[in-house]
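Chain naming follows the written order as A, B and C, and within any one chain the residues start at number 1.
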Amino acid sequence: MVLAGGLEMGERLTTLIQRVYVLFCLAFIFCPIVTLIVFSFNVDRFPSLPWKGFSLAWYQALFEDPTIIDAFQNTLTVGICVALVSTFLGFTAAYFDFRWDFAWKRAYLAIVILPPTIPFLILGLALLLFLSRIGLGSSLTGVFVSHVVICTPFALAIIRMRLAEMDKGLEEAAWNLGASEWRSVLVVILPFVLPALVAAALITMAVSFDEFMIAWFVSGLDQTLPVKILLLLQGQVSPRINAIGTIVFAVSFTLVAIAQIILLLTRRDNA
Amino acid sequence: MSDLDTIQRAPAGSPGSELAQTGAPAGRGNPARWRAAIIWSMALFIWQCLFFLIPLGLLVAMTFWSVRNFRLSPDLTLRNWNHLFGESYFYVAYARTLTYSALASAIASALAFPCSYVLAYKVHTSTRRLVIFLLITPFFTSYLVRAYSWQIILADQGLINSLLSSLGIWRVPLLNTPVATIIGYLTLFFPLVILLQLVGLSGVDKDLIDAAHNLGAAPLRTTIEVVVPSAKVGLVLGATFAFIFAFGDFVSPAQLGGGKAPTLSILIIDTVKSASNWPMASAIALVMIVTLMVVMFSALSVAYGSRGRAGNG
Amino acid sequence: MTDAAIELSEVVKAFGNRIAVGGISLRIEEGDFAAFIGPSGCGKTTTLRLIAGLERPSEGDILCRGRRINDDKPWQRNLPLVWQNFALFPFLTVQQNVEFGLRMKGVDKATRLKSVRRWLERVGIAEFAGRSITELSGGQKQRVALARSLVTEPSILLLDEPLGSLDAHLRILMQSELKALQRELGITFIYVTHNQSEAFAMANKVVIMKDGKVEQIGSPQEVYRSPQSRFVAEFVGTNNLLSGKVVDVARDRVKISTGVGDFVAPIGLRKCVLGDPTTIVVSADVVSLSADEAASENCVVGKIMGEEFIGSVITLFLELSDGSVFRVQKQQHEVARLQAQFGSKLNVHWGPESTYLLPH
C-alpha cells in the first residue's frame, strides 16, 4: 500500500517510531534540567507532586545569603580570568599547529590536549599536592591555574577548527606584500579567528563555571559556587539548591548557546 | 613607503623569500623559523608541563612517601602499596568500579545507537543541526546540578514515586541503587556518546550502504554488516569515553548510588577527607590512571586497527 | 512480442521541485549492451538507480521480464550494480567482498568459496583473494567490483561509469574486456557513461538522454549518421549544422538555401514542402578539402582560424562567409599536403549523399 510521497505504511510507522525514540533521548537528557527549573519555583520544601504553589522565596533566600554571593563572585572572577588566559594559550597552540609541521608536533599535541581525558578527581588530587607545595594550595589562584589546564584544550580545538577554514594562501599573500610575520597575524589571522576566539572564551568560561571536582580540592576557604553546591548537597534537600542550580544552568546554557550560535553563523561551509 | 616597495626586495630570512622557493613554510633549516615556532608553541607547553605533568609526576612520587604523626615526608617506601594491595576493600572497589563503568559504557552505547543512527541518516540537515545544538549545550552545564536533580526525581518521596503512588502503584526504591548510579553516569556522558557515534556514522560512505542493498542485504543486515564496521572509530570512541568518565566519576556513585557501595573515586575522597592520607590516595589514583591508559590504548588499537584483515576466511 | 529484459513505461522521478527523469519509455532486450549517454544532469544515473531500486519512481512502471518491479526493494532484485568508485567494503578482504552477495542469499560456505574462486580467476585477480582492498590499484579494484557483481550469476548487469576512475590506457583495455565478457556470458548490460567513444565502442544500443528525457535510441551507426534532433546532431560526433529553407523539390532531390550557399540533399522518405525551414547536417569527417575551386554540388568556402590535434586526426576550424564556424576532421598527412596556413581560404565540398536532413 503506497501513500503520498511514495512511502509505504510500514515505512511511515518505522520512521515515526525512530523519531519518537530521539525525542525520548532528548527528554531523558533535559528531564533533570526541566525538573530543576520547575521546582525552584515550588512553594513546597520537598519537590513532589502535586504542585503546591508558585514562589520566589528560594531565589530570595539566595540573594540574602552572603556566602552564596561570595561564591558566585569567586566563580565569576576565576571564570573570566580562565577564559582570557585559556583563549590566549589556545590560540598560540592552534596557530602553531596550523602553520608548522615538525616531527614532534604529534607528541606536543598529545601532551597539551591530554588533561580533559584524565578524571578530574585525580587531577584535583595531584594539583592540590603540587600547588600546596608552591603556596597556591588553598586559593582561588590555584583554581584559576588548574582550570586553565583543562579548559585550554577546548579553546585550542575550537580555534583550530576555525583556522582550518582559512585559506593558507591569505597569510602567504600578506608576507608576499611585505607584512612581517607578527603584523600578518594581527592583520590577517586575528580578524578571521575572532568569532572562534569569542566562542572559545565563552566555552572555557562555561567549563570553569561548572567545574566542581578540582575546585573542591584546591579552593580551600574561598569557595567557588560549584564547591558550595557540593557542600550543600551533603546537607538537607532544599529548593534553595534548585534555585542556585537554575541560575547556574541559565548562565552556562547562555554562554554555550551564544558560543554555538556564533560558530554556526560564521562557519564557512565548503561542502 | 608602501608595502609594494618591498615586493622586489624581500630580504633573506623573511618568510617571503623562503616562500618563493618552497611554496609553503617548511619546518627545517632556517633558525628564524624555529625561533618563531618555539615562541608560539612553548607558551601552552610550559603551562601544561608545570601544572599538569609535574603535578602528576608528584602524584606518582607521592605513592612512595610516608605519613608519620600526620606529617607528610618524602620517602621511598612500598608500604602504601603493600597496604593497598593487601586490603580486600580495595579489590572490591576496583572490581565494582570496572563493572559499573563497563556496564554504563555498554548501556550508553546501546541506547545511543538508534538515536545517532536516526540523526545520521533519517532526518533533514536542519533538524540534525538543531538536535546537535540541544545535545552539546546541556553537556557543558553543571553535571553536579543535573545529578542533584535526578536525586529529587528518583527519591522515595520524589517525583516518580509520587506519580506512581497517586496512580495506585506501589513505590519503587530507585535512589541509592546501582540503577540510580547508572542513570547518573548517563546524565554525564549520554550526549557525548550520541555525538561521537553520530560523527562516526556520518562518515560512512553512502555508496557502501547502497552497494549492500544492491547485493541483497536488507536494512537490518546492512546496518550490522556494513554500517557498524564502517563507523567503528566513532562507536569505539563513544564507548571508551563513556568508560573513562564513569570510571573517574564521584558524584553519581556517591549522591545517587548512596555511597554505601564504594567505587575507587569514593575511596579516594574518603581517604582524603578522613585520614588525609595523601600517599594512599595517590596510590589509588595511580592505579586508576594505569587502568585507564590500558583501556584507552586497547580501545584505540581496536578503533584504528588494520582493516580488511588478510586471512583465509 | 516477448518480454524485454528491462522495460520502462512513462517513468518519472522528481526530487522535490527538480524533475530528474521526465517521463521515459524504452525497452532493453535480452542480450543487449545498452549504453546511456548524455550531458551531466541528464538523468542517466538516476534512471540506472531507478532500475536498481535505489530510487523509487514518482510515476510510471519498471518491468523486468514483463513483471512490474516498482515495489520490489533493492535487496529483492537481482540487478547488481558496478559503481564508478567501486564501493568495495574496506573492512573486508577481496574474497569477503566478492562472496557478499552469495552470503546474503544464504549459500553455504563451500559453494561460496568455489564460486568466488571461479570468478576471481575469470577476471584475472585470483592471487589477490586474501588481500585487503586498500592494497589494490584502481584497475584491480574494478575487477573485484565486477567479480562481486557477477558472482550471483545475474542475467542483467548495471554499470554506472565503471571505467570513470581509471586512467585512459587502462580504460581502453577494460572496454574490450567488458565487451568480450558480455558476449561470452550472454547477459544484458545496462551501461551509463559520459564518454561517447566508450559507448559507441561497446554498445549495440545507444540511449541518448537530455534533461530527463530520451532524445534518441538506436544502434551506434544510426545515432551517429541519422540524428533525429538538433541536440543529438550536436552532441554526437563532430557535426556541422546549417539552417536554411527548402527552395526546390525534385523527384529524388531537394535544394536547401542557407546563409552560406545552396546545398543539395537526397529527399529519401521525407516529405519536403517549398519554404519549409530545414537544418542540414554535414559530418566533419565526410568532407573533402582543396585549395582551389572544385566541381561539386555542395561547397563552402572558409578561412582557417584554428586547429586541434586529436592524435593522428586534426580538426580544422573554418570561418564561413556568415561568420559561423565549420569543422573539418582529416588525417594529419592530408592536411599537411594542403600546406594551408592560418587565415588562408579553403574549399570544403561533399557529395549530396553526405548531406543529411534533420527531421522536424
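Definition applied: a residue touches a chain if its C-beta (ideal position, glycine included) is under 8 Å from a C-beta of that chain, and two chains touch if they have at least 3 such contacts.
These figures come from a predicted structure and were not determined experimentally.
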Notebook entry, point to check: Which of the chain pairs holds the record for C-beta pairs in contact?
Noted result: A-B
Next item on the list: Average the C-alpha coordinates of each chain, average all protein C-alpha coordinates together, and give the chain whose average is closest to the overall one.
Entry: B
Next item on the list: Taking each chain's centre as the mean of its C-alpha atoms, give the chain farthest from subunit A.
Entry: C
Margin query: Using mean CA coordinates as chain centres, what's the gap between subunit B and subunit C in Å?
Written below: 54
Next item on the list: Take the average of all CA coordinates in subunit A, do the same for subunit B, and state the distance between these two points in whole angstrom.
Entry: 15
Check: In the complex of these two chains, what residues of subunit C are touching subunit B?
Finding: 52-54, 73-75, 78-81, 83, 85, 87, 89-93, 96, 100-101, 104-105, 130-134, 148, 152
Item checked: Residues of subunit B touching subunit C in the complex -> 205, 207-208, 210-218, 221, 226, 229-230, 232, 306-313
Next item on the list: Show which residues of subunit A lie in contact with subunit B when the two form their complex.
Entry: 15, 18-19, 21-22, 25-26, 28-33, 35-36, 39, 46-50, 88-90, 92-93, 95-96, 99-102, 108, 111-112, 114-115, 117-123, 125-127, 129-131, 133, 145-146, 148-149, 152, 156, 168, 172, 175-181, 203, 206-207, 209-210, 212-213, 217, 226, 229-230, 233, 237, 241-242, 244-245, 248-249, 252-253, 255-257, 260, 264
Checklist line | Residues on subunit B engaged by subunit A in the complex (per definition of touch) | finding: 3-7, 10, 14-16, 19, 24-25, 27, 33, 36-37, 40-41, 43-45, 47-49, 51-56, 58-59, 62, 111-112, 114-115, 118-119, 122-123, 129, 131, 133-138, 140-153, 155, 157-159, 161-163, 166, 186-187, 190-191, 194, 241, 244-245, 247-250, 255, 265, 268-269, 272, 278, 281-282, 285, 288-289, 292, 296
